[in-house]
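Letters A, B, C, D and E mark the chains as written, and numbering starts fresh at 1 in each.
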Amino acid sequence: MDRKRVAGPENAVAPLVEYPKDQLRWAPQQEHRHSSKRQPEDIRPIYLKTGLINQANGSAYIELERTKIACGVYGPRQKKASQLSSFSGKGTLNCEFKFATFSCQKRRHHIRDAQERELSQVLSQALAPAVRLELFPKSVVDVYVTVLENDGLAACLAAAITCASVALAHAGIEMLDLVAACSGSYMTVPRNALGQPQTDATTTAAGASRDEIWMDADLEEEKHEDGSIVLAYMPSLNQVTHVLQNGRAEGAVISQSVESCIEACNKIYAVMQHSLLESITNGKTQ
Amino acid sequence: MTSVMSAVVPGQRLGHVQEYIAGPGTYSHQDFLYASVVGLKQVTTADGDERPTLSVARENTQTAIPEIDAIVTCKVVRVNPKFASVNIMVVDGKPCTDNFQGIIRSQDVRATEKDKVKIYNSFRPGDIVRAQVISLGDARSYYLSTALNELGVIYGTSIAGGTLVPISWQEMQCTKTKVIEPRKCAKPM
Amino acid sequence: MARLDKSRTSSHQLRPFFTSQNLLNRADGSAQFDFGGTSVLCSVVGPAEVKIRDEKLDKATLEVLARPLVGVPGVKDKTIEQNIRETLEPLVLSGLHPRTLLQIVVQTMQDDGCVQSTAFNATMLALIDAGVPLNSILGSVTCMIDRKTNQVLLDPTREELAQAKSTHVFVFDNKAPPAQSKGDEDDVVMEDGDRVEGHVLFCESTGVFTEAEYFECYQVCYKGVQTVHGFLRTAVQKKFEKEHQQLQD
Amino acid sequence: MAPKNKKGQADAADESTSAPTLRVILPGDQLPPHEANLPTGQDEDAVSMMIDQRAPPTIKLGPGLTPMDDDTIISVKAGVLNHTDIGNRWWVESNQRRYVAAPGESVIGIVTGKTGEHYKMDIGTAQPALLPVLAFENATKKNRPNFNIGDLLYCRVAMANKDMEAELDCVNPTTGKSDGFGELKGGFAFKVSLGLARRLLDPRQAVVLRELGKHFPFETAVGMNGKVWINSASTAHTILIANAIKNSEFLSTAQCQSMVKKMVERI
Amino acid sequence: MTSVAATSSTFTFSAAAFQRLHPAEYFRKFVSQGVRPDGRLLSGFRPTTVHKSVVSTANGSSMVRVGGTTVVCGIKAEVAEPTLEAQDKGYIVPNVELSPMCSSAFKAGPPSEQAQVVSDAIDRILKDSDVVDLEQLCIEKGRAVWALWADVVCISYDGNILDAALLAVMTALTNVRLRKPTYDEGVVTVSGEALTEENSFSLTLTRTPLSTTFAIFDTPNNTLLADPNSAEENVSLGRITVTLDEKNQLCGVHKVGSGSCSPALIKSCIERAKERTQELRSLLA
């Protein structure tokens, strides 16, 4: 029982969802990609804006269609007592990743769970190489990310990295480069029964299906994936800061996915640049 | 001579190390200079330098953090016979969003007769003090000093609640009750 | 008008009071206050050492902990804690004890309605018992409006509160109201032509009610609080008389 | 500017006339201006100072009374209003359990810690008080008394203000003599209310100590901080004395005498 | 913006530094001129926007911005057992999250006192003012009812969280779409097909109370600041919140903190709250 919140019923569960038999659910063979006319290499359109949290030193908000994430950056500020292990000549980057309770299909809990803790760590590992921590000894920069709506977990993590990196730059924290991130899903797309064979460049030996990499997969597509990759990348320095790969894929597919992610990150970088430069001009007019 | 050029973002390549000197808001990596903050690219040419300095003026200023030799404005939080604890609120005229902790040890209060300093006759909780950062200190606090004429208490409240005005470098008077209280005062600049 | 609570005959009648001070040996001050079947025990510790996190450099830190009748404290108790703390903060001359802690624990002993008002009164007595410097004293009563009869009932019991369409907790202090400095501030006049009196220190009204009903409750409670103030004074007087017996022989 | 509601004030006046020997006032009650002999329209400074010789007739406010911005004087404590014509002094005598250090007061403290230069002493205040290791008779850097945690010391408050920990000493700074301050060896210490401690220190009011003294010899030290130390020939006596002192707080002289008598008879 | 003469005895500071060192003094200088540092008049409210259906994973949602304060409310429906006392009534559970993301005033970890008190205030308004007839949430009497978790996440905190959060909860409640459930031997099933008028329903609200908060800046003058922002909350000593429904019936009057208020002052707050909530209702429609 959480006594610091308004108490609700215990053992509340989501109702069982029953799909009518005559109505087929989306599957990779039905149409190419879920609910959009995207090509495998296409990412969703990005809306990225800085400065929505006026109490924070820096902030950013990102939207990729349904995926919605807000990020606030505080610092550099004095380390809290719990973070005071010893004198350190370098600053600390502290990231906290949280899903809003209503952001996923199943209701999430208020208290941070293991998955959120893990994602916090990934976020921190992906961003830290880009931040010039040696310039603020004894201090900490706190990065807080809240997911308001999650439409694909890997895509969500990638968007969070992108968003947090823009928020850091917005806070005036010295960085080596921005960090753009993108996700890709390994899909096994069956050959269409009705026979509309698509380009056969990637057709596998089995002949019945093809392996494809779908960039920035949404939740429905993610349900059918064999695995996924999230790659964080510093575009101007051409350096990768983090790769998170899971599931099953051939080595060649993985190296191809890295290429595709880097390509997508370069597109995202343009959006990031644009939103930051926009913040300068907006700041000027105010 | 300074010329303002285009707006840049972190990571943007600004020029070659052989052409420019890296100024604030930039860093050099291999043979090139890059921006490390969001802002406007500036090229400053000073006489005598063989190369112009390239810098990026921050648009979204990072919050101020104390650095060695910086002049800070702080509020006294508590005092004990050895030192006064303070919250650093302003660094070089720029407010910091969150407080940083600092201490003024009794030997750093003034330049002369250091062993006769009584903290309680120099600072009281609530005083606003101008001080200089002398070291990054220990894990928790920055070490500060007021051992210069223009450093010390710049604003204080008397026991009766009135505003204090300095009458000498070690005394202040309450405007309400005319009671004199000891302080290490800062000389107005 | 008859009340559900059979011991009372009038809708504006308070239940019998009871208090006891200096009950707890280890606290710096303590008091119990009862409104009929509702009883609250309050203890005060301080000025005591404060955690650095909560330290205030120019005044004492007030901490109020509300403990319910049964079970662990929840968000409802947090609201009571905040209400009591924010009402007391301007009353306590906390500037006399900077960087110290004044801890107030409010424990409900019996609940028959109006716990928050009882808690306010118990806290007041406990602070006096602890000798905490105060610039005035406060008193609190609760009233409700009956869903069916629309009648204002002062100091309702739990049974009566079940029929309430709204409940109103009021706190008034014993200071003379400040002279009106803003010139002709319009007085609030009730339907019967009476001017609404008293300056409210705290009020919490919930439910659904009209403006006229609100000010009627305001007035009824203001008058009720005067009785509470008189009672608090007698209680303190008695305590000191007992203490000074030796002196008078 | 006259306050419209003088209810609180009127109550205080009414009750004081019915019981002339004991005027109990509550926080927020005003000191009636005519009684305080306050000239009307007096300038604020004269009132806001505790002592001011400039504008006769002056009034001296002791503990529990404070002047307000509008020249009225209010009580900030509940207690008995006292007045003496000598110097037109007014104060409120109240009773509390928590000690707030004041310079010059004698207290009993417990050693709770030790640093190179100070002992940390628990005297019942919010923060521990500091006792310099050199603040003893004949103490030098080489020859200084050594105490352990838990030892009891009878000391005097040398410095106290709201901004710092109180400072204690066990030596008269002018004479360099101990004046009876120092370690309390053996015996038994317990806590009473500050009001009772004050009464125990007043020979006219310490009925219980006088009565006990008639029956057997004992040593006692009373601190203004509500700590009482006693030592006698036997443990039984010590316990009896402690209980008798604690019991005496709310008793009249007659009751106190019979209480002591009964307790002595029982052993 | 006009700059303040920021002097402290003979030392001069920039306005920003002066505000940092003497926030109350800084503020008093503005208030004495009848304006606030953000340019508003003392009685002025901040621009307010309301958006509905912002989160598709929730059954009802809203985003409310009141000046610099931004909150998102998402309502998720789950199935639970009713209580023994109210066998045909469902649950609405409001909770406000003030995370360290929205302001440096909040720490990570369990909800702060402020978050708890705001959550409780919304809970009480929902219950005591009968906002929703909870029988609408009954699935099978005594067996299964809907539990609506109304969680409010504060994205950006700049004061007056109660007014913003209550507006967000009310908007999200009007926006809730629940699928018509079927109950069979302890299992509640809903259809997974696209949402239509036939397979889902909305809630009927008895009333929609909205609140208006004023901060009491100084005493005894009792200067009132409508819709205080974060800096104003920090220098204020007390507050008055008036909650009204669409028929201008009161659903709450809460005065707490310093400053004893005359009946006339409370009345003037009620009058101004009437105007303000009227404006807010046009956003809700």
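The definition used in the following text is that a contact is a pair of C-beta atoms (placed from the backbone, for glycine too) under 8 Å apart; a residue touches a chain by one contact, two chains touch by 3 or more.
None of these values were measured; they are calculated from a predicted model.
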Chains in simultaneous contact with chain B and chain E: A, C
Reference chain E; chain at largest CA-centroid distance: D
B-C or C-E, whichever has more C-beta pairs in contact: C-E
Rounded Å distance between chain A and chain E, as computed from the means of their C-alpha atoms: 30
For chain A paired with chain C, centre-to-centre distance based on mean C-alpha positions, whole Å: 53
Chain A and chain D, separation of their C-alpha mean positions in angstrom: 67
For chain C, residues that touch 2 or more chains besides their own: 75, 78, 98-99, 173, 175, 177
Where chain B touches two or more other chains at once, by residue number: 75, 78, 96-98, 125
Junction residues of chain D - those touching two or more other chains: 163
Contacting chain pairs - touch in the sense defined above: A-B, A-C, A-E, B-C, B-D, B-E, C-D, C-E
Contact set on chain B toward chain D in their complex: 78-81, 120, 124-125, 160, 176-177
Residue ranges of chain A in contact with chain E within the complex: 2, 4-20, 23, 52-56, 59, 66, 68, 70-72, 74, 77, 96, 98, 100-105, 107, 110, 142, 144-146, 148-150
Residues on chain E engaged by chain B in the complex (per definition of touch): 8-11, 13-14, 16-17, 19-21, 104
Residues of chain A defined as touching chain C within the complex: 3-7
Chain A contact footprint on chain C (complex, rising order): 72-75, 78
